[in-house]
Amino acid sequence: MRIGLLTSGGDCPGLNAVIRSAVLHGIKSYGDEFVGFRDGWRGLIEADYMELSRHNVRGLSRVGGTILGTSRTHPYNYPGGGPQNMAKQLKRHDIDAVVVLGGEGTLAGAKRLTNAGLPMVGVPKTIDNDLNATDFTFGFDTAISIATDAMDRLRTTGESHHRCMVAEVMGRHAGWIALHSGMAAGAHAVLIPEKRVSMDQVCEWVEQVHSRGRSPLVVVAEGFIPDGAEEALAEKGEEASGRPRLGGIGEWVTAQIEELTGIETRNTTLGHIQRGGNPTGYDRVLATRFGIKALNLVHEQAWGRMVSLRGTDIVEVDLNAALEGLKTVPAERYEEAKVLFGR
Amino acid sequence: MRIGLLTSGGDCPGLNAVIRSAVLHGIKSYGDEFVGFRDGWRGLIEADYMELSRHNVRGLSRVGGTILGTSRTHPYNYPGGGPQNMAKQLKRHDIDAVVVLGGEGTLAGAKRLTNAGLPMVGVPKTIDNDLNATDFTFGFDTAISIATDAMDRLRTTGESHHRCMVAEVMGRHAGWIALHSGMAAGAHAVLIPEKRVSMDQVCEWVEQVHSRGRSPLVVVAEGFIPDGAEEALAEKGEEASGRPRLGGIGEWVTAQIEELTGIETRNTTLGHIQRGGNPTGYDRVLATRFGIKALNLVHEQAWGRMVSLRGTDIVEVDLNAALEGLKTVPAERYEEAKVLFGR
Amino acid sequence: MRIGLLTSGGDCPGLNAVIRSAVLHGIKSYGDEFVGFRDGWRGLIEADYMELSRHNVRGLSRVGGTILGTSRTHPYNYPGGGPQNMAKQLKRHDIDAVVVLGGEGTLAGAKRLTNAGLPMVGVPKTIDNDLNATDFTFGFDTAISIATDAMDRLRTTGESHHRCMVAEVMGRHAGWIALHSGMAAGAHAVLIPEKRVSMDQVCEWVEQVHSRGRSPLVVVAEGFIPDGAEEALAEKGEEASGRPRLGGIGEWVTAQIEELTGIETRNTTLGHIQRGGNPTGYDRVLATRFGIKALNLVHEQAWGRMVSLRGTDIVEVDLNAALEGLKTVPAERYEEAKVLFGR
Amino acid sequence: MRIGLLTSGGDCPGLNAVIRSAVLHGIKSYGDEFVGFRDGWRGLIEADYMELSRHNVRGLSRVGGTILGTSRTHPYNYPGGGPQNMAKQLKRHDIDAVVVLGGEGTLAGAKRLTNAGLPMVGVPKTIDNDLNATDFTFGFDTAISIATDAMDRLRTTGESHHRCMVAEVMGRHAGWIALHSGMAAGAHAVLIPEKRVSMDQVCEWVEQVHSRGRSPLVVVAEGFIPDGAEEALAEKGEEASGRPRLGGIGEWVTAQIEELTGIETRNTTLGHIQRGGNPTGYDRVLATRFGIKALNLVHEQAWGRMVSLRGTDIVEVDLNAALEGLKTVPAERYEEAKVLFGR
């Protein structure tokens, strides 16, 4: 077979490892040929692609980012998009199937396109770990690793200066990165989108820790909304959602803690470093297994299906499974972490 | 309650994180007191312990090893051991329960002791990931991370010199570390105790890679036995099992590859660095959750039970579950990895 | 002798390694006793200190921050400060000498105090590497290591999205961190306080790189002032110096690049992670050698002297040497780096 | 100009960074063309080379090893070697100058060839840091970083088991890696080729540390020869030098410590991981500066000269400077480190 691959949406450590294992497995086990579409759906729509040989994917399991490039191009709305045009392009370029690597939106597009007859299988990608369809996705563990390392550093400088340190991490709708990295780093408070907490409560935790002579560490997901702060924020001209925009929630929480407790407090927004760089061993293994399985799905012509991790098994599920709502942090996981807050 | 903790058997990154979260959770949620027995069962038998305050466990989530020390002391055979003596010691020192962190042997001891009436719960520990009772244990991910990093390094030096590089990793009875780190590093052959492979097959893989101008990487678990080499090894005065002893299997495989293929080949035995140092974020989260759950089991007086990871959930199982045979690499997992060997 | 140690000013990886080697050397070679003053000059002024035994400094060579705590307390202006009061405290607590670890301001204080008769020696500390008195100081290499690692990550995500990535690093008055980490990471522009560069020039470099299909990386020291932007910035209500304040120079440069070139551009401000965490091997060696030498200076009663690195030698210089102006990046070093900008 | 590059001898992190900066600087500043000879002198002798464009060296500052390959081919003795043949090859392929990256032997060859009229400049390379001609060479800092990290790991597992840990590191003739990594890791003994120490002395240090309840760490350079052990080793059939061969000096020292002290002792031979993988920021900066300077030397037609680090300056020296004996650890540096041994 001649198989196309594309990566769409935000980049994620492990994308290249999926590409590599799918290509190597296909060449060796089935004699397949591969092409890589550039910059997500755009490359497919415009037939902008590169041939992917064994040489092209050499050493890729340890390389972050995606050699294919990525974009947020919409598969239907982009000029020349939609199933008829895409089917023509695939036919014209002798491409028999497409492996689509992407998040919720991308997979929704792939589902719609397979319903319209296109031969596609999916590989879930979300650095925030917020897809219900799979226990974990690659990239998440790397983000945890980077965030934990950064917080270890913040703690030594915080302790030396008797400061409260705030770390803002990714997580717009789900607090998994904050929850895991915060637990790993021994944070004294973890603030996530799923759980409104008042700044009074946060400050109580901070003061408990500070009064014992220690440096409090507060981890804030970018999507956190403090309880009771909606109006105050609105007055300051923030967006209606009550979520502060200017400078981010990390800076807002930092200013609040300093104002309410009088404790010197510093914010660090980890930002783009969380999704870059070499994937961890965990993510490379997961991505490599996803790539092998995705290629098998192609040869089973399991269009509209995607790969997924369940326990320690790589299984297949329907692409619809990726679209059934976000996987947010359940109350019991938050309560579990909370037993270590404050004090 | 007044609760004792002990760590037994080989050390493992994450032991301290278990100790920390159990102690912090107990102090904060239940007002417990804690003691730490020194050097495994010996500390319990001889009542050699330290009080564990909040201060003692500060910052431990990121510290490798075990602050309690560990040993291979047998709980029955060591002088002063056995349930009656232990029960006396616990009573004399007002200790209401014991959390036992250890591998198969240690947990078997704990099971036998709880059958004899002692109040104990277990936390599984095996860096080799070879316990059936749980999907993963802490320490394994750290070992993968260290081994993967080392193999990344071996590859750059191998490529520069056009050599074949061999890496010997831990795994006496189960090849999980070799399988995962080998897959993560893009190894061209992974040799594990569960699967006899002939040196002819290994050399074929090595030569395929070398003939494409690349540097082959072969990962060998310490318990691997080459197919058909039993007699040859026995003649050289090796142990009856056919497993080479002097210098380890890594060196033996290296010498064989060099002799059979003529390709310059170098061995590196990773050894003790695999189990030392700071745990990864993944292991810290797992260990912290295990500690919290273990403490809950104590308060439920769930003697003879242990904590376990199933999918993404921390559950409890009977200590017997840890004793039902080793979790070895199943054939399908080996076959999955094998699609990327050679070429 | 009975010797006091204090750390003053911003924290820096390696402070603990200095403390450890001075204490271990003193105990073993001279039978000294040690105390550690808490939080810089405050601890000396208020006689707030801890005894430092061999046990207290155990394992400290690899631990970031300072176990003594630090502050910006002024040695003369703080209530109870000044040479007479300090001399009294030293006498009352039987302390024969003080080793002062700090930056330019701290060392100026130490010089003034030794002129007034106090028995003090200095250890230079500046994470920015901006002290003339020494080739390098500990902490700088760790900052380079962290910044380089972060930029490696930024590059993979930048390449995947075809973005321009901006990284803001420390360096208020001297651009050493930007220069070294930028050179290490292969940056396409490095903007430092010592060299005014116009945004037009920066955009030219960015566009050269982008036009070759690559992701430009721009490294900005926090003290950089763009050439010709003073008025524009002043109009926007920035501070008189022309240096943008809100959100930092990194965000300002990012916005400018995006506006002037139309290339999607993202900023990451590395912030506090640059000065935290375990020191590199390089910094541990330098700090350990500084501590040994500082202790020797004490026993030579070389009051008013400080330790310094010259080439590969640890030498002693007068504390005045630390006060003779900042060590900024010389023009030839900037020109050397510049040959790799753009394209 | 059209300039050739070659890397010869053992690989070293930073070689690629030299190649990259020389090529980029030459293309941009002088409009040069570049070729890379494959596998050291062999590539020059056999005119086996690749063109090196801007694209070929992209991203190389952070990549270990050498993209050119390396070998120990002798420039005179290899068939087709010697100045006449080389001059012909250079002429035939329009190559105006050669930049030679290598250690003592390689640079001696380059010197002899320049004396015979060939247009060559040198870049010193030794991971052991044993060249007199320069303060430091790239690769050494990376080796220190890897060794220090490994020793940090050994210490946590050593402490948990109350064992003595031995780490064998590179250093056949000079103990710089042992000295620096041992000092960085807080080793209790550092054994180097330059200083004979008796096993009784080593055991005394080990016992001092063990008796205080700590885990001793002993760092051994591969070229260390224990004082008084020459005969004992000779009796066991070792080589005349008295240096144990089988299993390496690390294993021999380990066995001796265990036998003489009764303390459980474990060896780890770091081996090939010390010279592989991504260079540190320090090494990338040094290598990048070396490459820029080497290219300048070419344009100054400074044949027979090489680049060198003196303090913080990159200077040029005669290739002879690299041949004036090894830079071994001077007695005062050993004594400086020794104040922290034992106890």
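Per-chain numbering from 1; labels A, B, C and D assigned in written order.
One rule holds in what follows: a contact is a pair of C-beta atoms (placed from the backbone, for glycine too) under 8 Å apart; a residue touches a chain by one contact, two chains touch by 3 or more.
Every value quoted in this text rests on a predicted model; they were computed, and no experiment measured them.
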Shared touching partners of chain A and chain C are none
For the copies chain A and chain B, the interface residues, called same if over half of the numbers are used by both and different if under half, are same
Taking each chain's centre as the mean of its CA atoms, the one lying farthest from the centre of chain C is chain B
Chain centres from averaged Cα atoms put chain A and chain B apart, in whole Å, by 29
Between the Cα centroids of chain B and chain C the separation in whole angstrom comes to 41
Among all residues of chain A, those touching at least two other chains are 149, 152, 155
Contact graph of the chains (line, ring, star, complete, other): ring
Checked against the stated definition, the touching pairs are A-B, A-C, B-D, C-D
The residues of chain A that touch chain B in their complex are 20-21, 24-25, 27-29, 54, 58-59, 61-62, 135-136, 141, 144-145, 147-149, 152, 155, 180-181, 183-186, 212, 214, 280-282, 284-285, 288-289, 292, 310-312, 336, 339-340, 342-343
Interface with chain C, chain A side, in the complex: residues 7, 10-11, 13, 15, 39, 63-66, 69-71, 146, 149-150, 152-162, 165, 247, 266-273, 275-277
